[in-house]
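Here it is, the structure in full.
We just call them A, B, C and D in the order they show up, numbering each chain from 1.
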């Protein structure tokens, strides 16, 4: 049965060093308060899988030395520019990068959701994305004739971590149309969700809300963290903190500036 | 752009003789009024694919001679017993039956949804379901070692037809948690939906309703038909018409009785 | 069931109690449509476990948590998140094969059942599949099924994380030995006899030298079924709850 | 853009008009994040088509119909329901290969871009991919990309229903010949010269004997952009709409 955690740190206790951690793109609800708490705790050696891309979350975790391997399709701060710590880590060779493409990650999570060892995907053939992924295979489509097609092995994360608008006391989580979060939870061994607020009553008993609800059956722990995506947006609830992102980009351009950022916004528990 | 049809017959004009027609199980909203209209029109040679099972809809269409091939995992009237016209047609050999299993049909529709030629599925090996499906293939899992696994070819229906609680004037359809209807529409070339009622305003602009909405982009035609599932249920809206089902079972036990049923409930446009 | 214990418990209560013990301590039991006795057993297991296992009663939107459409049951099983499921068969044979399709040559059958539903998959991926068939006769329990909707066992190289663990009928309880692919008679229900089981079973099975009588449900089990389970059950199976437990919704 | 037509139209208007013509009569155009000129072009095409094509502006929940999560864009493309998409590249080479990953040895790169996003897939399945890269230099248009995020062409046996049809820069418009896997110079924008295009392009390309000047947008096109498109665009790109069209939301 899912539990509503007494504190954010309690909720995150189930994310050990060295685990495979799945996180969503910024338009789906990134658990940024939880990310800062993990950095404060000194989490290490993560295999971070961002479905299908990441922005500040990956950049912070990489900069703070928490990431050993990153699998995703892109890391960028969008209109704020390149992700500085990600870029620096790649150029230094300090993380292992598994470059993917968005639909490949979606399909690989769906493979785990469906309990199959792989999923096929069109495209990719002739790309260096494929060439650099020895774990992806090309086979001849058995329903075709000389028709090569890529097979992607299932991704089964140890933990999925994201932020959503609300949950109820049974651990049901309303994710709305962000349905890759449902697939992520189905695919992951454990799912930890931070939410803006607790909903009174059972989300599954309201037929309109139920349509956008991840059942608590798939959820291990829920923690209430208001503005849990800050400084990233929670779409339809709040927007980017533009000034903060500008400050981040300015500070994170250097190692020393990034340490200052951590001191100011992460270790001091400010706005966490 | 989807259109709101002036009449049910107008909406169904896009379902030609001989097409591959996809329909849902009874708990997801079966377009029964539309089914009676198709029988009245004298539709012929359908390849009916019921995702993943059917009840009265398949039985009626089979009894009325509209079906050439049926692909599904089961046809049954549930607590009302066996489906009499289905059973009779199988014993007479008057339809071609492609027996499947529920998750195989879900996966084959998802293959079309994802634009891939096949999907893998566990299980099935050693069953006569597999043995009788030369179109399904067993391959050695390229990520395993001596690990046979079934591959199912994508099902791409010509038309998907179902009933839903509501649509808006843009053709967006609220399906709630019946998400196989979304997959069915994604997989099908065309989608025709009957609904209980037209919703004022755009379903996609309400974040709660949007979570359970099939976008009008995938919908060709919507027609308003109140109690469009009758005598089957529209879950959370209305229940089975128990007395009617009992009458059906009694009549459909014989060829003559079934003709009487058609005369009484289909050709006379009663409750259609 | 028998004259010896006319008022102690009903057949359905005995069967549900036996099935509840087979369920054991698990996380999630799913029960197919129109299965009141397995549903009773599952709710009994939940009452004993203070809310564990999750019980999904298919066909009841109120008693399932699915929000991802009809595929979620199967995806959930594929993820290893369904521990117990119930299957039946028009025919069941001694190797645990089940037939939900037809009798005779599949091309020209002499009888047709509804179809395999999800059995061809779930039988492979649900760790504890309990076969439930109240009609115990040579017509239903056969030497070899006409059509294999799902096989009782698989070759070693076939990925299989589940399969049958038991077969319960109105006469007795069989366990299933997955290695030998054979049923073993575990107990005969009160009021029934070994000779009756043998003569009504179309397949060979193993049995101990002394076949025990199926234990009667305890007083506490009966209390839970009648007081806690019956009201929950009545939401989905009102007629069954009224008939077996005399329960009528207020 | 040039001194000859100082007030007639802006560079962005010319590019959007050229792109709108490339879009043609289709059902659905999808535009990636942070792409105001392709967005302008797509909305212009829609204004001309009385609501057709559907225009999906990714990154704007209001301007996309997706309700099936992040995969729906790719599934939709896989279904053949996206007719036009826009891609760019840190590098683009003469065979239409695009690089969104890194410069130099991928194991020890000297520069890193964000990553391939969905390009490695969408380039194969969207019939009309328009390459859009305003910076036209030997740094961006190279003989051979360091890393192929997505190839411009594929062998005949590779399933491919889409690919590049054109490359538009701040200087000119190239079409792409899928069979020859080469770009062909179609026109040079007003105020720019063939010599300038040649000296700033790192790859070889075909060209007609006389290279035309890119046609200026018609008065009607400019009217549609400024009066119909600008207010729609301002919802997603307010700064761009203000700067280019002088449009300010009420």
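We adopt the following convention: a contact is a pair of C-beta atoms (placed from the backbone, for glycine too) under 8 Å apart; a residue touches a chain by one contact, two chains touch by 3 or more.
Since the model is a prediction, treat every value here as computed from it, not as a measurement.
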item	value
Mutual neighbours - chains that touch chain C and chain D alike	A, B
Path length in the contact graph (chain B to chain C, fewest steps)	1
Contact-richer chain pair (by C-beta pairs counted) among B-D and A-D	A-D
Of all other chains, the one whose Cα centre sits farthest from chain D	C
Distance from chain C to chain A - Cα centre to Cα centre, in angstrom	41
Between chain B and chain A, distance of the C-alpha-averaged centres to the nearest whole Å	36
Cα-centroid distance, chain A relative to chain D, in whole angstrom	29
Set of chain B residues in contact with two or more other chains	107, 110, 114-116, 121-122, 144, 147, 149, 177, 182, 210-212, 236
Touching two or more other chains - residues of chain D	66-68, 71, 74-75, 78, 125
Full enumeration of touching chain pairs	A-B, A-C, A-D, B-C, B-D
Residues of chain A that touch chain D when the two form their complex	24-25, 27-28, 51-53, 72-76, 78-79, 82-83, 86-87, 90-91, 93, 99-104, 106-107, 110, 121-132, 144, 146-149, 177-183, 235-236
Complex interface listing, chain C residues touching chain B	33-34, 59, 61, 66-71, 73-75, 78, 100-102, 106, 108-125, 147-151, 154-155, 157-159
Of all residues in chain B, those that touch chain A in their complex	107, 110, 114-122, 137, 139, 141-144, 147, 149, 151, 153, 175-177, 207-212, 236
Chain C partner contacts - residues on chain A that touch it in the complex	1, 112-116, 172, 182, 186-187, 204-205, 210-218
In the complex with chain B, residue positions of chain D that touch it	28, 51-52, 54, 62, 65-68, 71, 74-81, 125
